[in-house]
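Below are two complexes that have chain A in common, paired first with chain B and then with chain C.
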Partner chain A sequence: MMLEKVIAAYSEAVFDTDRDKAFEVIHDAIAQGVTPEEIVFKVVIPSMEMMIKAISEDFDANLAQHFMASQIASQVTDEMVARFQTSPETIGRVVIGTSYADLHTLGKRIVSGCLRSLMIDVIDLGVNVSAERFVAAALEHDAGIIAISSMMVHTARSERGCLAVRQLLKERGLEDRIKIIVGGAPYTWDTELYKVVRADAWASDGISAGKVIKDLIEGMHK
Partner chain B sequence: MMTGMDRLVAAIKGEKADRIPVFCNLLDQGAKELGLVSLYDYYQSGEYVAEGQLKMREKYGYDNVWSLFYVGKEAELLGCRKILFSPDGPPNVEHFVIQSYDDIHRLEIPDDITHHPVFVEELKCLQILKREVGGRYPICGYVTAAMALPALLMGMDKWFELLFMGPPEVRDELLAKCSLFCQRHIAALRELGVDVIVYANPFGSTDFVPLPYIIKTGIPWMKQDLSAGTQGIVYYCGGARFNQVIEAIISQIGIETYYLSPLDDIAAGKQIINGRGLTCGVINDIKLIDWSEEQIRQEVKRMLEAGMAGGKFLFGTILMPYKIPERNIRAMLDTVYEFGQC
Partner chain C sequence: MPILSVALNHQHIADIPFTSSANVFKLLAMSEHTRVRSACQGKGTCGLCLVRIDQGRTGELTQYEHRRLSAGQIAQGIRLACQIRLFDHASVTLINPLAIDALDNLTVHSPLAANARYAAAVDLGSTQLRISLWDSVHRRRIAGYCGFNPQAYYGTDILNRLNAAATDKAAGTAMSELIQDTVESVLTEWADTNQLSITEILLVGNTAMLVLLANKHVEQLLQPAYWTQAIDCSLDFSTLGQTQIPISVVQPVAGFVGSDLLVGLLAVGLAQSEGSALFVDFGTNTEMALWHRNKLWITSVPGGPAFEGCGISCGVAAEQGAISHVNYDAATGEFRGELIGTVNDTSEIKGLCGSGLCDVMACLLASGQLKKNGRFVQADSELEIELVNLNYRVTVKKQDIDIFQRAKAATGAGISKLIGIAGATSADLTRLCIAGSFGRFLNIQQAQAIGLLPDCAPERVELCGNTALMGCEQLLSSSNRDEQLNELKRCVEIVNLSQVDGYEDVFVDNLYLQPMLLA
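The block that comes next holds the complex of A and B.
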């Protein structure tokens, strides 16, 4: 019962983009005996999943809410994980970056925050990432997902972007082991574009990307 | 024969013209038109950009020309030292002027934009456009709103961080400086004879921030940006939706032209504006890369049917991607010319 109240109060604070209130709710819960593990697995993750579900059901969340939800959730998770009794198990690992010649970081940051709060390891390669670097980093870190963010149509469709990552995975026989997800404005404007650039999946916003990536990881583990 | 300016003025007044005005925003394509391989070379010369604009308008027959080179020019005026040029897309800011909050305190807004060394080529471009088509075809300028400009100076995610989680006094100091730049930029463009100023503000869209935030925080900054008046100002949110915001903007700021999002319902937007201004129906120009000519024709017809009744309507694009085939540009324009007759 108490956890339900905590989830409701925390989710409301996140929805209102009120970071101070969200942390106040979490710290009060800890003071009342809720464990850091419960905060992450029974408050933060369910709250994030509720937001993902609401967005999928046409709840009209805006970019500021996506940003704040992901930042609050990842910051709470970081603080709680530091207090865990034992190191937590992650459910998978993602390398993320913006596509070649693309310098826009907001989408990548929202996705990264969301993934961290869902206990998915994120290796952030930064901006303007070459196809070779995406694949090399995925192999080096044993990541099952390459996430490529593009803000502009020419970087999304570039021969040196996602298309080149696909080509490298194919040439090296890695397509079963590593999946590609794309996101960013051009994919929202053209919902078939992810097929043109030969990605495995796409997400319409940074929060929904959390679910798409989680589903991809779980699908690969089956 | 009517000119683009005649059509625009007729649309503003709700009077008859041969057809609705068409604003087709081709920028980078000018390089190809001049036979230049490099966008970098193209954007080093005001003569090139002016010639590209004039040639494309002449070739396709639409109604506007642009003095804008690329959006990052504003960042260059404020100290950006590196722009990333691509072979087939718009240049982007690579060096962010603001790396720390101290840089915000140090940020200086130029007193005189017109004579700023970074503005030399734009000035040449504007003077040529004015000489060649001034008074006959609307010359468009582009100004980024105070609330959106920091994204060009520090990156969008760092700006979101400061805007929503940072020290309010630092945020407001940056907004005040950006608003001052916005006001001076608008004044400079007006002085140089720009007819239409696209006031770009994604933070005026409910896709970016909630409506109450726009009303409480966004509109006061917009009022400050536009304190010299709204003549020739076009409300544009970078392609993001804003139908829900129109009423507040009309009643509190008085802007008279609305450049809708391709995702906004054109008929609904026009109904909200309700004769108090001009509505621009905007096509989803990313789709023009892959659509067939027939698909383009159907989409343009749908848009015109939604927006033309009652007049005070024009047709527009966002910044047309470089990869759109020429036949598709023509298919779009030919359909507007055919079915956009008033």
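The block that comes next holds the complex of A and C.
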């Protein structure tokens, strides 16, 4: 079947971090009559899920691959969604940012890209985000998830980072409505750290972050 | 009581008695000379605490060891110390000891009697501490010391040390005293054996090291606002301990521009260069400066410790027994290696140091086994290379390449942005000065092939060694220290890469193993 070939060719291009090739595959498919909806739901998302599976089976994709995979997938999704017949239904909404005193942008960007391609709405608050801003933005945008990226140990553990977000959620009785997910290098060095900073979950990379967030959202709707 | 017997380089160095069920990492940590390196405090994630089990029964390999160790290492009996529990007698050999032999044999001269004036220059590095006894009249080095920074006990990473000092007053005081005590004991011994008196001590270092010594303003360095500001690192004591020798530090320029960089620039005379000149001092934090049209553009990039061999499964420090160079012969398809020092047999070969690793990347690209995006052409998770002349096989894991790519990308992107922001091009570069111990062994062409260094004619490249200590010595002999420093400081333009638009994209571009593209 044609779609299978598209998935295989697209995945191979993404895997090889070849952006031009990936777009070529998608544009060829569109030219041959595949719809933008099919591209997103039957090519991009399944290919992302294949990657999740590969990674959970201990395959080490490197940073260049992660980055390109997320950027390509999110760009393709953006381009396709603009061509959708009816506006698509999203799974949920996430506010994301880098924690207080941390200016590393890349982890957040990769995660955002992956989430967007999985049809999750992402609102990017930028870097050096205070706990107050995380919570205020989540309320303002009616987001069920606060995602915090920290690339340094001291910003992950800081009293003014995730711990403060947890404190605010608790004080305002928001803990049932808003969940916290964290990620970044310090959490991969110490896989128990997310508990110490009192987050609900963590993920080791952008691709599995999509799955963890989907699970958190589904958990709240039960 | 069972005993753990410890060896290093074929020599027995300690016997550690223990009661039932003991963790090897913790046992080794009990005394200073048996400690092994660690960046994860024994959690199993950093892969640094390598030891070889020579005798004794140990449990199964843990999941962390399967992740971190290559098949070759496992076959040799190499394990992670923090993952082993002992119940009975055993012997181990340290592969990655914390206290390494000073490789940097500092060249020294015998003292000249007539009207000499002796002073001490100290380069306070996060990993190593270098001290020289300097005759400031005859401009000669009389004695040299190079040892491990004893603060490493509080963390190999400077942020961990800053954190420890910021949260625990006692730790802050202890870290400052560790440095003072080390300098004091070295100087006292020199003064005694050479029967001479030392008139002053001058220290240089990165800002974190200096605030830890001064034991103040530690919290400031943890806040982004201070990185481009001057931080007061003056000492609250004017003489060193019992010695009564006057002590002072060369003040850093800003949060992430230390005085080690500043005096390094003096040592190589960067601001006296004919045309534009680039200076790169490789380390966990790589500092770089570009002299272009009477301005000194400075930045620092935190590439991580990969260039020092840390966090790489086959990586070791640049010391005796490390492979410093690797070459690939396209005609025969053979790989060859060169060692630091000499070894009696292959079991003394420790692994790849930073420059060797850099060569391996370039060689694997050249041999067609690695793609420029960092993937092996044949999708294995590790690859074995035989260094035919050494009769030694070295295994490179996929994650080693990823870590190396990140360190390289941070540096490459820093250089490329600095050159761009200053409005220069690589053709303008009349000098490329490489400092640091990684730089000593670097193969420039290979480093250029993978984009660690910009393109530049080989005759323009200078391998400068430890410029911080040299610069500190020069200042000791200078009659107008402050003026010299201020003149340099006036030209400085600090570039904070976290505020530079597009650094992140250039970083990603530089992840690819290919010649550097200048923005």
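Quick note on the criterion: the second predicted complex is superposed on the first by the 222 of 222 C-alpha atoms of A that agree within 3 Å, B and C clash if a C-alpha of one lies under 4 Å from a C-alpha of the other, contacts with A are read in each partner's own complex, and residues count from 1 in each chain.
In the analysis below, contacts are C-beta pairs under 8 Å (C-beta built on N, C-alpha and C of every residue); 3 or more make two chains touch, one makes a residue touch a chain.
All figures in this text were calculated on a predicted structure; none of them were measured in a lab.
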* Asked: If you stack the two complexes on chain A, which partner ends up touching A:Ser130: first (chain B), second (chain C), both, or neither?
  -> neither
* Asked: Taking the superposition as given, does A:Pro186 touch the first partner, chain B, the second, chain C, both, or neither?
  -> first
* To do: For A:Arg19, select first, second, both or neither according to whether it touches chain B, chain C, the two together, or no partner.
  => first
* Could you say whether A:Ser204 touches chain B, chain C, both of them, or neither, answering first, second, both or neither? => neither
* Footprint overlap on chain A, where chain B in one structure and chain C in the other make contact -> 17, 60, 62-65, 67, 101, 103-106, 109, 128, 152-154, 189-190
* Asked: Tell me, which parts of chain B touch chain A in their complex?
  -> 84, 86, 88-90, 92-94, 155-157, 160-161, 164-165, 206-210, 213, 239, 262, 284, 286-287, 289-290, 321-323
* Asked: Which of the residues in chain C come into contact with chain A in the complex?
  -> 39-40, 43, 45-46, 67, 157, 159-160, 162-163, 222-224, 371, 373-375, 381, 398-399, 401-402, 405-406, 498-499, 504, 507-508, 511-512
* **Complex contact set, residues of chain A against chain C** => 16-17, 58-60, 62-65, 67, 101, 103-106, 109, 127-128, 152-154, 188-191
* Structure fact -> Listed in rising order, chain A residues that touch chain B in their complex are 17, 19, 60, 62-65, 67-68, 71, 101-106, 108-109, 128, 152-155, 157-158, 185-186, 189-190, 192-193, 196
